[in-house]
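To start, I am sharing the structure in question, which I have written as structure tokens.
Chain lettering (A, B, C and D) follows the sequence in which the chains are written, and residue indices restart at 1 in each chain.
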Amino acid sequence: MPVQLDNHLLEEILAQVRPLIGQGQVADYIPALAEVQADKLGIAVCTVDGDLFTAGDAQERFSIQSISKVLSLVLAMGRYEEAEIWQRVGKEPSGQPFNSLVQLELEQGKPRNPFINAGALVVCDMLQTRLSAPRQRMLEVVRQLADQPDLAYDARIAKSEFEHSARNAAIAWLMKSFGNFDNDVITVLQNYFHYCALKMSCAELAKTFLFLANQGQTLQHDEPLITPQQTRQINALMVTSGMYDGAGEFAYRVGMPGKSGVGGGIIAIVPHEMSIAVWCPELDASGNSLAGTAALEILAKRIGRSIF
Amino acid sequence: MPVQLDNHLLEEILAQVRPLIGQGQVADYIPALAEVQADKLGIAVCTVDGDLFTAGDAQERFSIQSISKVLSLVLAMGRYEEAEIWQRVGKEPSGQPFNSLVQLELEQGKPRNPFINAGALVVCDMLQTRLSAPRQRMLEVVRQLADQPDLAYDARIAKSEFEHSARNAAIAWLMKSFGNFDNDVITVLQNYFHYCALKMSCAELAKTFLFLANQGQTLQHDEPLITPQQTRQINALMVTSGMYDGAGEFAYRVGMPGKSGVGGGIIAIVPHEMSIAVWCPELDASGNSLAGTAALEILAKRIGRSIF
Amino acid sequence: MPVQLDNHLLEEILAQVRPLIGQGQVADYIPALAEVQADKLGIAVCTVDGDLFTAGDAQERFSIQSISKVLSLVLAMGRYEEAEIWQRVGKEPSGQPFNSLVQLELEQGKPRNPFINAGALVVCDMLQTRLSAPRQRMLEVVRQLADQPDLAYDARIAKSEFEHSARNAAIAWLMKSFGNFDNDVITVLQNYFHYCALKMSCAELAKTFLFLANQGQTLQHDEPLITPQQTRQINALMVTSGMYDGAGEFAYRVGMPGKSGVGGGIIAIVPHEMSIAVWCPELDASGNSLAGTAALEILAKRIGRSIF
Amino acid sequence: MPVQLDNHLLEEILAQVRPLIGQGQVADYIPALAEVQADKLGIAVCTVDGDLFTAGDAQERFSIQSISKVLSLVLAMGRYEEAEIWQRVGKEPSGQPFNSLVQLELEQGKPRNPFINAGALVVCDMLQTRLSAPRQRMLEVVRQLADQPDLAYDARIAKSEFEHSARNAAIAWLMKSFGNFDNDVITVLQNYFHYCALKMSCAELAKTFLFLANQGQTLQHDEPLITPQQTRQINALMVTSGMYDGAGEFAYRVGMPGKSGVGGGIIAIVPHEMSIAVWCPELDASGNSLAGTAALEILAKRIGRSIF
């Protein structure tokens, strides 16, 4: 029997998953991520009616990392025709780790989807072509969506990412060799790493991504950010490709469109109802927040929500 | 503005997609499939209230092929613990053609999911272990679900598949070499090909798969076929892996869990509402019915249904 | 300064490499191979003048395994036109483990060379087509070449190989799916495993393969077994593909055409001068006899022989 | 019956292979290479006694491209311990196209051998670490070996290569991501492309590479350039990996260590006797000079030379 959504329920769920802390692995490929406290745990739910429920460290900001890939796709959707986007990046799950070059070479430099590194880099390359100040523009968008004018990039993380960017540079150059990368590699990598280095809290993330539960409509604007159809399309891409090589497992267990980041954050969507953000830094073998996924699984069961 | 579902709407939709016939390719790897008339086109929708709407060749039987993979998984779910199944087959999309051995070798003989050939063969291997007459049992199940006591295997197609079974034999033997295949290869292949050679009409398919739209409950039985949670799990697997290497595109365009077969059939589910079956033999590059997918896309838009 | 070849030199070399025993791994994929004594060590050299030098366990028979792949190719070369052979199997090193299916699938069922399992299976398939009794014929050939009428297959090993043949069956079926395998899979596998299960001693191997050092001419016949050009071709294939994924290392260290088997035997050729056979069951990471390779490396240096 | 080597024989051979011109493909990935006259054809042979025989366009300089990979390895062998080199690059044939990233990723950034692009880039990276002026040093070496003080890089080709360097940049960055690349990517790429852009004639190449036929001894110096053992090692690597993915075919047909470049040049070695250089710009499917390979095959037969 589904229960009512409130702060108390969220606290109960966090208590239930907290024992999982210690079973995962904090991302440590850059020092700035490795030093995050492993026992952080937060959750926030924003409903289409504008209610916000939170528990735990829901107000503490963390590095959103690959969750930003959804935002860059949204920006691109507003500046490119549908066909222009999908001729440069696919819509299929990769069946591979998120940063592999194997498939990218076999498929002639066309990334499988916009939520793996290669795909997000292509999207950033597209933004670089059409936006005069892509980093500033992203900030404006998230500040509005989250209703927080002080949202900012963590310059130290962005710098650290850039200093460890060899693999992503290889990916970008490989796409360039196939003619699927137009701008200067370093410039685009810098943008990409800044997007990844956005710091946001669960509460801010839930508010920011509410439009995906609301047919593209934000709470702040009269004009929708994207169309209802584009909203469904993004949700579809999140279900099939949003959780690295763990999308199938996430759909099976949680049953919602979701996108995770190696900072330990996940956003999930209940279409027409709510957006959910969780944060717990330790990751499972696929690179998704271990306790975060468990919290979403329990929440889905408790409130009786699933797209399936 | 969503419209009402009725036979007339379905006829309209078929008229709209009929011009696509000629742009795809009928499966021709066995003669028995190649000789199907390319301009067959049918659709059937069954609602949880028991209403059935149809148009076109909805009463004509065809070879359901890989659609049967969902049914074998359902049978296995009733006979094995959850963990027993998923230690032998994964839940992730493959990012590869449906009959590739590359990934299967790299991943030590554990197929990516139960809807690619390797995965379905493992499931059939499991059924062979626990069922005394796996072919007869499958027939009983579909005859009940479709309420058609004369449903049968097309022996000629099963025989023809078996005579062209080298690739599937290679897959089975490769899994055996990794210890993930228990029974005699030929026996299991025979069962597998018979399941693929089931002949059903769109109307029968829609009725058969209604339980996936109805939390596992069939119209014919008091007892549910599977639990509500298992129902959500199967729908989740269909979204991420049900359409070969075109699952992302199908989710993006249609927005429903679906499973296709190279005979040109597709079943799709609107959870809590209806099951849909389409049939048009010509396939797109991913092996999914070209006009069938288009019909589902239009239907989804017209009736305003999408899980996203 | 090169030294004279004699039994004493060979004994010295064996003493030098004996300490390596313990650093490798005896092949254990079938019990019959696993139970071989790990400290067996033998060497035999046969010169084109007919001299035979030996040391250690040079008279003890062991399972020649993949060394037989050279013999099946020789048989095929006598029964097929050059072009007929090389349209079905390539001449290039594989850059892969000896029993991988990955490359075989990507390259449409045409094995890279006749000395990996897939390639040898194709050659056996060709022999099955043209020989009425392929197993008997092979025995006749090696009995004559080794001048030992009692050479025989080890039926127990052949049976054991067949019982563990899943991987090779997968390879054969995969080639069949691409139209590159004509005969019954089980029949050809049985022949293949019998060839592998030939038991020969170092002394017998050195004598048997002398024709590769002697422009195709055997010591026993007036007629050459193969032409001088075919001899050069086989030696070339052994250099580039004879040592599994360790051919480069072997050429770099030893500098002779060679072919190894997982039984721990290696044959090596000094063109125009001598054939050499070593045996020591423990294998290195590439599957080649560890102490055997070392013995060949030292021998090459001591007698100042290298094709480079 | 082998014939005497002289200019007349070489002219005969060129006449015999000239009809093959038109069946290959001039490398066209950069304009500077594409504009070479396709009907250039030259050959030069240098014996260890110092005799030089030539025919055709043997005095015309062309871009030596990957032939330079042997020279960079020679330079590295003089500046690094054997183990230092081979822990960063392997000795095995790749079984892949020369510029693939697939294998490089699977094998953790360690290139298969020093004669594919990745391997040569690692070698150039090593030279950059130990040489103060790697480009100048290479020039000094080849000028001495060829006895031609005016040998130079073709700056236009080097520049053009650099402008089309995306694939090689991807390779270098991928190795950097695995910790197998120490210096600035652009600096090393520039050196690498300059080495490739060396312009030399067949006569100059034959003289330059004579040391590989002469146990490391050059005609110009008292001190050998490399040791006899290093000479054998390089010849071994050329046989197993010198002809891209056509090494097996080249060994089978020609039977000599060889290294080719996409400029259409090939050098080949008859140990203890002679070095041979051929040039004809059209390439076969593996990227080796089509008529050049044919000329070497005929020459080998006519003079009765083969390492096998």
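Going forward, contacts are C-beta pairs under 8 Å (C-beta built on N, C-alpha and C of every residue); 3 or more make two chains touch, one makes a residue touch a chain.
Quick caveat, the model's predicted, so the values are computed rather than measured.
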| item | value |
| --- | --- |
| Number of steps on the shortest touching-chain route linking subunit A and subunit C | 2 |
| Chain whose mean Cα position lies farthest from subunit A | C |
| Inter-centroid spacing, subunit D versus subunit A (mean Cα positions, whole Å) | 48 |
| Geometric centre distance via CA averages, subunit D-subunit C, whole Å | 32 |
| All touching chain pairs, where touch follows the definition stated at the start | A-B, A-D, B-C, C-D |
| Subunit D partner contacts - residues on subunit C that touch it in the complex | 90-96, 103, 112-113, 231-233, 235-237, 239-241, 245-249, 251-252, 255, 257, 271, 306-308 |
| Complex contact set, residues of subunit B against subunit C | 100-102, 105-106, 166-167, 169-174, 176-177, 181 |
